[in-house]
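First up is the structure itself, then whatever we jot down about it.
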Amino acid sequence: MKKPRIGVFKFTSCDGCQLSILNMEDEILDILSVFNIAYFREATDDPLRGQFDISLVEGSISTNWQKKEIVDIRERSRLIITIGACATSGGLQALRNWARLQSYKKYVYPSPDAIEALSTSTPISEHVHVDYELWGCPINKNALSETLVSFLINKKPGIPRYSLCMDCKQKGIPCILVSKAEPCLGPVTITGCGVLCPSFGKPCYGCFGPKDDANIDSILKIFQNMGLTQKDSVLLLDKMNTYAYRKARIDIRQ
Amino acid sequence: MDTIKIKKTSLKSIFDVISKSHRIIGPKIENDVLILTEAGFEDIPSGYKELQKPGQYRMTKDAGDEIFSFSLGPDSFKRFFHPPLKELFGFKKTTKAISANRILKKEMPIALIGVRACDISAIKLYDRIFLEGPVKDSIYDSLRKDALIIGVNCLRPGDNCFCSSMGAGPQIKDNFDIAVTELKDGLIIETGSAAGKKIMEELPFEKITEADMREKEAVSENCKRLIKKSVRSEELPWLIYKNLEHPRWSDIARRDLECGNCTQVCPTCFCNSTYDYMQLSGVVNKSSEISGVRVMKWDSCFSKNFARVHGGNFRPSRRARFRQWMSHKLAYTFEQFGLTGCVGCGRCITWCPAGIDITQELEALRKQ
Amino acid sequence: MNKIVKIDYLSRVEGEGGIVIEIKDNKVSKIQLKIFEAPRFFESFLVGRPYQDVIDFTARICGICPVAYQMSSVHAMEEIFGITVEDSISELRRLLYTGEWIESHALHIYFLNGPDFYGIPNAWADKEYLELAKVGLRLKKTGNNILTVLGGRPVHPISVKVGGFHKTPRKKEIESLLPELQKAYEDSLAAIKWASSLTFNHNVWETEYVSLRHDTEYPMNRGRALSSKGIDLSMDKFRNAIQEYQVEYSTALHSGIKRDSSVSPYFVGPISRVNLNHDKLPDEIKNSMNEAGISLPIRNSSMGIIARAVELAYAVHEAIRIITKYEEPDKPFVDYKPQPGQATWITEAPRGILIHRYSIDEKGKVRDCAIIPPTSQNLGHIEKDIYNFLQNNIDKSADFLKKECEKIIRSYDPCISCSVHVLLLKH
Amino acid sequence: MYDKSLPFEATIKWIKKESRDTITYSLGINNKEIHSAYSFRPGQFNMLYIPGIGESPISISSSPSDHDLTHTVRIAGDVTTAISKLNEGDILGIRGPMGNGWPIEEIEDRNLIIIAGGLGIAPLRSVIRHMRATSKKSKTGSQDSTCGKGIILYGAKSPKDILFRDEFPGYRDTFEVQLTVDKADPEEYWRGEVGLITELINKVSFNPLTTVAFVCGPEVMMQAVTKELLLRGVPGEKIFITMERNMNCGIGICGHCFFGPKFTCKDGPVFRYTDIEEFFSIKEL
């Protein structure tokens, strides 16, 4: 049987999610034995050629040429799986969506006109059909492994979409929101990271994005009851998944 | 039932006796929260007390030299009898055979120390669910069978407790091996099983007086008087059945985060999901052979996909999911198992980040 | 003779870039190192954010060296607030950094740069090389495991906090890393030997090496900025001694050292660090270097892989040292009060010095900031390196030149995603 | 007894394609002891298991008196698709039987009316075949078979979607059979009815007061049918319907299949209408 071809693509991002593939030290040889990694700039010289069974896409769309390129990738791919917050929800750089681009450019570059960038950073799914999304900044390698296993045996990946709190409680981690009144995004965030922050005594800052039906308005109210200003409580959501949390907030109002 | 009295200082000997045959799980403070874990006598957070409000929990130390001054943290026995993640069986499939092997680990049985009346009621329900259903859950059985339940009668209620309304406390009535009541100058030890009696026989006891027995009864009476919250349980389950379309459900849905915290801390919530877990190495070794494990993981009726079937979802709205939870607690369980599905421990109130209070929501259902 | 050498997409580097070279009449007329990594405007959206966000945000500039960003930013904040952390905390931070150095260097040595010396497109293309790659995986994993124990995960670890850590590891937990570190140490000494046995192009020219230098230790989180041409400045002053300039063909800013009226490129990274700090390496590693015939200073800029192997061994050695004498600190962090102010801090990222400067207002929010990643400091240097190489090989075929230029670039382990996030020039 | 929480092996003996997306599998239980201990009632189901993918509840479509143990599966999602890829001789996992099954004892001397929509015929086929088998027996035994002639009303999307189509002529000896389709295929000769199954109810004659009805199909269809039956005067106590819910454990310990206070898996899937009447109309329960 021919090995399924995998392509790894990058748009606007930090490369951390691609690196998470190379960080699967225990699995990478297994992956290579069943898949053909046919395109992966960060690790191999193989040129872009042909069709892909799975395209793993990192990064958000933030320039004009990327808009064209993602369409090309879609045409070459049986499945597009986005990896990470950038590709799945626009990433940290989506903060520009709520700012004035020109002032952003000016701030960073002395000759801003030479910089080509859209005023928005958007998830891949705003541009082409996406078959499956892996959340996280960065993605969790177990989730990627589950996704690849699922592809091989033909099922939907079994990745839960409920809140981080569920796993937080199951692991027996004391709730920092309730017991310390620190603003934790756990209740509106999908599980998947392994409950990292709360297990370090740190409130979740939402790097896995909103869970199903996340009740954003309610959590903001809770934060405000704890003494945060309206503005500061919204800042808590405006991080790596700012686009997705804001979208969830609109969705729930309907 | 036998009753003796021991010195407060002899409590340690209960630990010593039990630890010969059991792994002791007891209360301990970690990160300012009361948890249940492998613990020793010295871990008992004597003198500590929790301040609890809807969505709030603070540990304080102001209860003098009482041993069992504290009440309940987020953990309950369920973590130990029905673990959050359990391996049901390992599977292997080749073209011509399927095998499913369950390995019951032979570990030292556990002894739960400091179980309160509400949780003891919940254990009773769990036994019905997992042992007396159409199929006995052999994993639950293996963890539960030789476990010891060392109960403690509450000195004072937690701020969110309403066990008395649910008929689940504060006094321990049955389903225990040993029940401890803390008096001013000693501990009353009652036995509720042969195993409990055997332990008692090894304790250095003192004479018990009429006054001690009166004081013992007064402990629970006093505790009951201090309980702040209540529900009209005599109206259950009908209050729920009559109000399945009450507008209050939509109002709750606006506040409800659906994080599932309430279901995870609830000692009676048992919902779970089962799935096959495989690593890449379980698929790739020999192309026609696959292997992995089938696991059961705690889930919750708050998960959006919980009632999903192919082609639809029976509970797509948050309103419906919250209603499902509360109805199951306060109505359905009576019919399903003949026992209350809510033991009034108040954990769901404390650990709900949104501070949703089941007693108040129930009260709101009474009003049109 | 006229030639155009064009590499549309560089592979086996982090981020997206290419290069265009024009040769006219046997003279190099144009070198365009193209960075088309889309800009992310980090500095802009940091402005107005609470200072706590800076650590988590800047980490997202680079998935390969997030710890470097966390280290530069956390130290800058602590400098502003006047916080000194306990020794045990600084040691743990150093340990965290070794994790990143190990991971990043192993990745570069075995996966990005290594295949160049075997003429293969990737680390798994060749059965024999695959055995080396397996060593690389093992080493990478060790580095990642350090990061995971200390920070929860290798990419964007979550434990660093102003004043210390959110949580420090138990002694038992951290000691569990020792066996694999011992193995890694053996592997890394072998790596020094292997790396120095490779064949290199002769890329030697008079340049200026820049790194941190500290009195008592091989530089990571503290010290002064030193150069092989006599610069010895505090972090803050060094920041003012360099100047960035934008070139019209690139989204990245280049930087150089200001001297009189000219700005000249300088070189940061493992070669510079080894050259300026080899006296701080443990004797065992010095011996291994001698045995492998490494002569100091390393003047051939293609020999980055050797310097990385040396540092790989050093990082493993250092990790073992820190873990062995680790005592759990009483408190994972010190208490502090945020104060307005500004500071520059420099730490040694795997690829070289990473400069952060912040100014914080009364509300604890970022007033402005500047970040100068190592790769953008090296860009000018890379171009000059290529220029020199081409001048010496001008008669070779375009194909050959293309391959070799790619190799030169790769030997810097450039991080192009980082390089787009560059500084604010004072308004 | 064997442990119903562990799947056991079953070998596919034969496969029959019933329609575009529905396939019948005959399964043989491999383990001898389980094989002889295994017995079921019409209307019960098994959890079919494909290791690595998961389990699905699938009704037993054969009757206890049949030689073969069959399941009729419609390809829906992951598990059912995986089942559809299996061949004769392949092995799958099975747990069961689960659920209460149809209350055969309620039929006694009553008229039985079977109303099925789509795939709902699968668990009812078990009843049909059971009734035929027992009535045949009683015919040879004593002369006065107490069973009156039953009625089968069956609706499908189109003639092509009618399952077990070749079997219905045979059933006419014990049952009056009426088939209907939502839409007739122009290419195919179709003699049966076209229209909703509720309309069929009015076209057959039976004494509602002495009737017992077994209904299975999509939930909307069952809602409509029950309403119609009640209108006709069939007592609610004698209407039995099946509920479909997500099923995970099949043995009453996972909480997925609640329908109000009922566990669909162990209290159902067959319910007496009056037992669940109060919940039947509540949305999203």
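Points worth noting:
So that you can tell them apart, the chains are marked A, B, C and D in the order they are listed, and the count of residues begins at 1 in each.
By definition in this document, contacts are C-beta pairs under 8 Å (C-beta built on N, C-alpha and C of every residue); 3 or more make two chains touch, one makes a residue touch a chain.
Owing to the predicted nature of the structure, the values given are computational and were not obtained by experimental measurement.
Shared contact partners of chain C and chain D, listed by label, are A.
Taking A-C and B-D together, the chain pair joined by more C-beta contacts is A-C.
Placing every chain at the mean of its C-alpha atoms, the farthest one from chain A is found to be D. Separating the centre of chain A from that of chain C, both taken as means of CA atoms, is a distance of 25 Å.
With centres defined as mean CA coordinates, chain D is found 39 Å away from chain B. With centres taken as mean Cα positions, chain B sits 36 Å from chain A.
The centroid of the Cα atoms in chain A and the matching centroid in chain D are 45 Å apart.
Touching two or more other chains at once are residues 52-54, 77 of chain D.
Residue positions 275-276, 278, 283, 290, 299 of chain B each touch two or more of the other chains.
Per the contact rule defined earlier, chains pair up in contact as A-B, A-C, A-D, B-D.
Within the complex formed with chain A, the chain C residues making contact are 9-16, 36-45, 47, 49-50, 53, 56-57, 60-64, 66, 103, 107, 111-112, 121-125, 134, 137-138, 140-141, 144, 152-156, 158-159, 161, 165-167, 246, 248, 251, 253, 417, 421-425.
Chain B contributes residues 30-33, 35, 37, 55-59, 74-75, 79, 84-85, 254-261, 264-265, 275-284, 287, 290, 297-300, 302-305, 318, 350-355 to its touches with chain A in the complex.
Interface residues of chain D, counted against chain B in their complex, comprise 3-9, 49, 51-55, 76-77, 80, 90-93, 244-246, 248-249, 251-256, 258, 260-261, 263, 266, 278-279, 282-285. Note for the complex: chain A touches chain C at residues 10-20, 22-23, 25-26, 28-29, 32, 40-46, 62-63, 65-66, 91-93, 95-96, 99, 103-105, 107-111, 114-117, 121, 137-138, 140, 193-194, 196-197, 199-202, 205, 207, 232, 235, 239-240. Contact residues on chain A toward chain D in their complex (touch as defined above): 153-156.
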